[in-house]
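In the two assemblies presented below, subunit A is common to both, partnered first by subunit B and then by subunit C.
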Partner chain A sequence: MSTAEDSISHGNQTAKAFTLTSALWFAFATTFGMIAAGYLVAPDFMANIEYIQFGRMRPMHVNAVLFGFVTPGLLAAAFYYLPRLMKTRLYSEKLGVFSAVFWNLTVAAGMVGVSMGYSQGREYAELPWVVDILVVISFSLVIANFLLTIRRRTEPILYVSIWYAAAAVVLTACTYCLGNVIWKPDTGALAGIPDAILLWFYGHNVFGLLLSPMALGVAYYVLPIATRSPLYSHTLSLLGFWSLIVVYTHIGTHHLLQVPVPTWLKTISIVDSVAMVIPVMVFLINIWYTVKGKLGDVHADIGAKFVFTGTIYYFFVNIQGSMMALPDVQRITHYNNWVVAHAHIGVLGFAGVTALGGLYFILPRITGKPLHSTFLADLQYWLVLIGITGFGIVLTIVGLIQGQAWYNGETLYRTLPEIQPYYITRLSLGILIMTGAYIGLYNVIRSLYFNRGATS
Partner chain B sequence: MRMTPAVILFGVLALLGSIALVMVYWPYAQQDTTPSEIFRARNAEEAAGRHIYLQNGCVYCHSQAIRPFDWDLGSERIAQAGDYVADEPIQLGSQRTGVDLSQEGGEHPDDWHHAHFINPRYTRPSSVMPPFEWLGTERIRALTRYVQSLGFLQADRRMERQDYWKQESITAYEAGPDANVRWLVEHVPEGWHRVPNPYPTTAAGLQRGQRIYQYFCIGCHGPVGDGMGPAQPWIYPPPLNFTILKGRAISGGILYHQIMNGITGTAMPYFKRDLESQKIWEVGDYVAYYFINQSDANQEPKGIDAAWEP
Partner chain C sequence: MYFPYFITYMAVGFAISLAVFLWALDRGQFRDQRRARFLPLEGTPAPPPAKLSRKGRIEAGGLFALACCGLAASASVIVFALTHGR
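The block that comes next holds the complex of A and B.
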């Protein structure tokens, strides 16, 4: 089936809508990040502007990245591959487009809420209660479409990508309600230490049960197709899937190793953080063996290139994360920019880059025309790659400076002039990533709506 | 294993449910809600201040939990679960772009906080904390009440001390420069009065002293040491004008002690954590040499000359 026919027989409006959503929020989110990074370099530059000051910009940045850019990007790919893998059509494109519009309104409402000062003050669970409800509705709309599509499938066997996509949205709808303490609209929180335990159970599950499985679903779909190879091992897929669900849900407390939470809980989280190598390496072995000897094919498809790069970051973020969970290591790495480096490698390097790969892989297939510009996509690839690798290096250095200094008795105030040059470097690297995001947005809009390229 | 929709959905939900039960519900059900010995409830104004803290994301830069191996601000008290029983949501934080604030109450008097919130660079020249002048006086006051309550009963004790010495320092200041300087130095232990700065004044030392002055002191005492730094309008008694110290027998030792220990009650902070011995002597000599225009550096009694002296 040629891609042109494909795009006609499936309307693909939902995948298109989520593609646009993702590209748009990538641009917004990186802009927010730039503003936040700007404050750390020059706190008096945009002084006393209530709605954009650092303490509000940072949660806007994080939530826009998570729920505006990465998740919709991965959803776009899922809305594309689910019907195809099950030899059917999406249950309802109308519902899908509606869910994408609703999704955008939800994220926008969240941004406005946090910007206006309605944050609930819990990291990764800042969005005010009303928006929490909207988020749950957004997920429910997606879940309904997914499950009803699964019900009308004509292919009896469910491919591994489907497991991940279905599990991710269903589990996240649950942990989102739980983690945001949705039954307590006034504070959206528990009291005391249990609040921290719950928060990080949820917080890590945003990566563990939403971004990671969705990204793995995309990788499992894109890479075998791009290299025209069958998946290396079904057994490894099974092992990877179930171990991810089990292990990831145990590690949230590794954010709390240095505060008074029960020791048994810390022990479990450390052991399981190290055990994270199981789901990660199982996946990587499976996918890397699948593409073994065919890196030329990967390189030839810009989408696959992004996705494959994402798997490499997944490797690094896992090695790094497992090490950070060791108490002796965390004595140096906690509370400082080391963690910020890790978070960016994980969320942007792995999940975000994979989402971009998904977008570029499906774009020609849903429009029936080649990308507006492969050159621009490639340029974006390098801008993001240099930016995020630079972030990883620079922020790790800052983290080590801070961590070592504090551990050896330096005061924080004295380290501020020491880390200033690195904050400036970080800002500059951020410009690369942000530029990449705007180039991507332009390319996506051109590819979707103003593409004069011949239908292939 | 055959992955049907039912296996996937019920499988993952059953796993999530049982794991959440163990990892979240069990610690919740088993939690010890006994408040710790320093705990007390917050009053309405402190609660209002805490709300401002939540709204404005102070948590992204400030942790509220001291670890056993910390040295910096607040490190006299290691966090205990019972300190947090009333915190909904809890504000442990995951970043220390700024200092830990769990024991901030009473570290400084209120006027220091006011100046700091107006613009952190006024009191702390290398700070990267954003200014909060836009909050306006009312909300800055509420926020200050919250910050001054951090540490609960221990904070209250520190605040009593601040308030007592605030009154004393205002009385002294209002009695004129003579009385004020007498008051300032009479609380410096006698021994320090007789200790001159033991090291010689050198160009290099003054250079270093100047750098310390610019990173730590300039916002209050001002570029020329007359006490007219940008923090001045918010601070009372105002930052000391060093030039009035001339001819009042201010030894290097007195300067050292005041810088090291601060002057509780006034906005003058202690610098014993931030600056080590060499830096305190050198910034002291910088102040003496340039602003007081009278330095006792390297005068007798100074003991045996240190090995590095030129």
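The block that comes next holds the complex of A and C.
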């Protein structure tokens, strides 16, 4: 590596630690998801083991994906690109490694807690209060490292990726406290409708103000480098950033259009949901124009290939999201598997795939050696791509069947035989994604610690 | 009383956003946007070239077989469930 690079990298220990964290929890999280999907095909499947029954497995899957796999994957890339974009060292590699270790203990504590039945019973906010505190501390450690690195930068201009990464961790720390009603340790909840409102601010913002901005930051960094092209427009990217911050913070209530929430709140959420088209299209136009005519370069870099695929899923999930916020559409699409399809496309198809791209992009750079196996990374790409595309199709079909049935007054049990083949297909597609996760874990471990490739 | 929490959330978010935006404006973050486009490309090290060893190829083959097992397991779940599931 060059001397300039040496002066910045300082071993890249933090990026390595978060890379391993992400790969490890991806394997665990997909295993949890597989077990949960098994219950939907065969309800008695392992149901006599209380620690892994469906009611515990699902929140374990969701929280492991969210805090174990996707967020650390995107953080690994951020800890790599922040010092380089600001031409300085990370404020503290020791603090970074400590935060990664602390992060893992937090996620593990959450999994153990939920599996033992210590759940707050609120969707996406199930983690018990003690773990909530640990999550906030984890984010605080990352925030400190980010902000102090920004303070000591030698490059005066903050590239858009830095804006996204810093905003994501700061806003999520605030949203997490509020959404988890952290000031009420006994219940972690308010009562009635106010609790639902707070919960869905958190539920939606943990995606929109954590995973989305972190993933966009990675895309804005990886794709210009992979294609050796300057960003199409930095001004446009900042417009997208600020519009996302303004618009995304208020849309959580679109999950509650069919419950007695104040109408003005519903209206804000619908209008802002539709307005999300602005930051999304700003990003996509900007990034697609950046790589225009250079798709060969994107294809040649496995990291960039993942990230570019993530941008395509970002398009689909956001167009879908804006439509789903419309009350007339939601009459059919809400309270059924359409939403599950949407969540999987967003969290795995967009943010997860982008996180994987970030990992594969930085791995050769943080180790100074080539990826252990580009073939295995490519294999993982196709397994995940086929799996998530299949998920999207199958669960959307199930959602439409269920939505039409509810709309026409059909009872629940009469739809079950009709949707069973789709649940079976979903389980089989889940096996592909889980296989990809374990192959990825192997590839990451070999690339990090047992890599015999030539040093650059 | 639902709104104090929501109003507080919106107000805090707005205040933080506004303060940061004004800081950015004051520090010239919206100037020199042409140079900002090139920031990722400055001083970026190229990754080392890939190298394949015989052992690596055998390992890759083994894991490819594992992936095939995954595919086969997926297919068998579908076939079994459709033929014996009812």
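Throughout what follows, the second predicted complex is superposed on the first by the 447 of 456 C-alpha atoms of A that agree within 3 Å, B and C clash if a C-alpha of one lies under 4 Å from a C-alpha of the other, contacts with A are read in each partner's own complex, and residues count from 1 in each chain.
In the analysis below, a contact is a pair of C-beta atoms (placed from the backbone, for glycine too) under 8 Å apart; a residue touches a chain by one contact, two chains touch by 3 or more.
Quick caveat, the model's predicted, so the values are computed rather than measured.
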Have a look at subunit B and subunit C on subunit A after the superposition and call it: clash or fit.
clash
For A:T187 in the superposed arrangement: first (subunit B), second (subunit C), both or neither?
first
Looking at A:F375, would you say it contacts subunit B, subunit C, both, or neither? Reply first, second, both or neither.
second
Given the touch rule stated above, what does A:A15 touch, subunit B (first), subunit C (second), both, or neither?
neither
Give one of first, second, both or neither to describe whether A:I49 is in contact with subunit B, with subunit C, with both, or with none.
first
Tell me the contact category for A:F201 with respect to subunit B and subunit C: first, second, both or neither.
both
Is A:L383 in contact with subunit B, with subunit C, with both, or with neither (first, second, both, neither)?
second
For A:L395, is the partner it touches subunit B (first), subunit C (second), both, or none of the two (neither)?
neither
Where does A:V246 make contact in the superposed view: on subunit B (first), on subunit C (second), on both, or on neither?
both
A:Y221 in the overlay: touching subunit B, subunit C, both, or neither? Say first, second, both or neither.
second
Residues of subunit A that sit at the subunit B interface in one complex and at the subunit C interface in the other, please.
158, 160, 170-171, 174-175, 178, 190, 193-194, 197-198, 201, 238, 242, 245-246, 249-250, 262, 265, 417
Could you please specify the touching residues of subunit A with respect to subunit C in the complex?
1-2, 4-5, 41, 81, 84-85, 87, 155-161, 170-171, 174-175, 178, 190, 193-194, 197-198, 201, 220-221, 224-225, 228, 230-235, 238, 242, 245-246, 249-250, 262, 265, 364-365, 368-376, 379, 383, 417, 420-421, 424-425, 427-429, 431-432, 434-436, 438-439, 442, 452-456
Touching residues (chain side subunit A, partner subunit B) in the complex:
39-40, 43-44, 47-50, 53-56, 58-59, 117-123, 147, 150-151, 158, 160, 163, 166-167, 170-171, 174-175, 178, 187-199, 201, 209, 238, 242, 245-246, 249-250, 252-253, 255-256, 258-262, 265, 268, 331, 334-336, 339-340, 402, 406-407, 409-414, 416-417, 423
Residues of subunit B that touch subunit A when the two form their complex
1, 3-5, 8-9, 11-13, 15-16, 19-20, 23-24, 27-28, 30-31, 33, 53-61, 63, 65, 67, 69-73, 79-81, 84-99, 119-121, 124, 126-134, 215, 273-274
If you look only at subunit C, which of its residues touch subunit A in the complex?
1-3, 5-6, 9-10, 12-13, 16-17, 21, 24, 27-30, 32-51, 53, 56, 59-60, 63-64, 66-67, 69-71, 73-75, 77-78, 81-82, 85-86
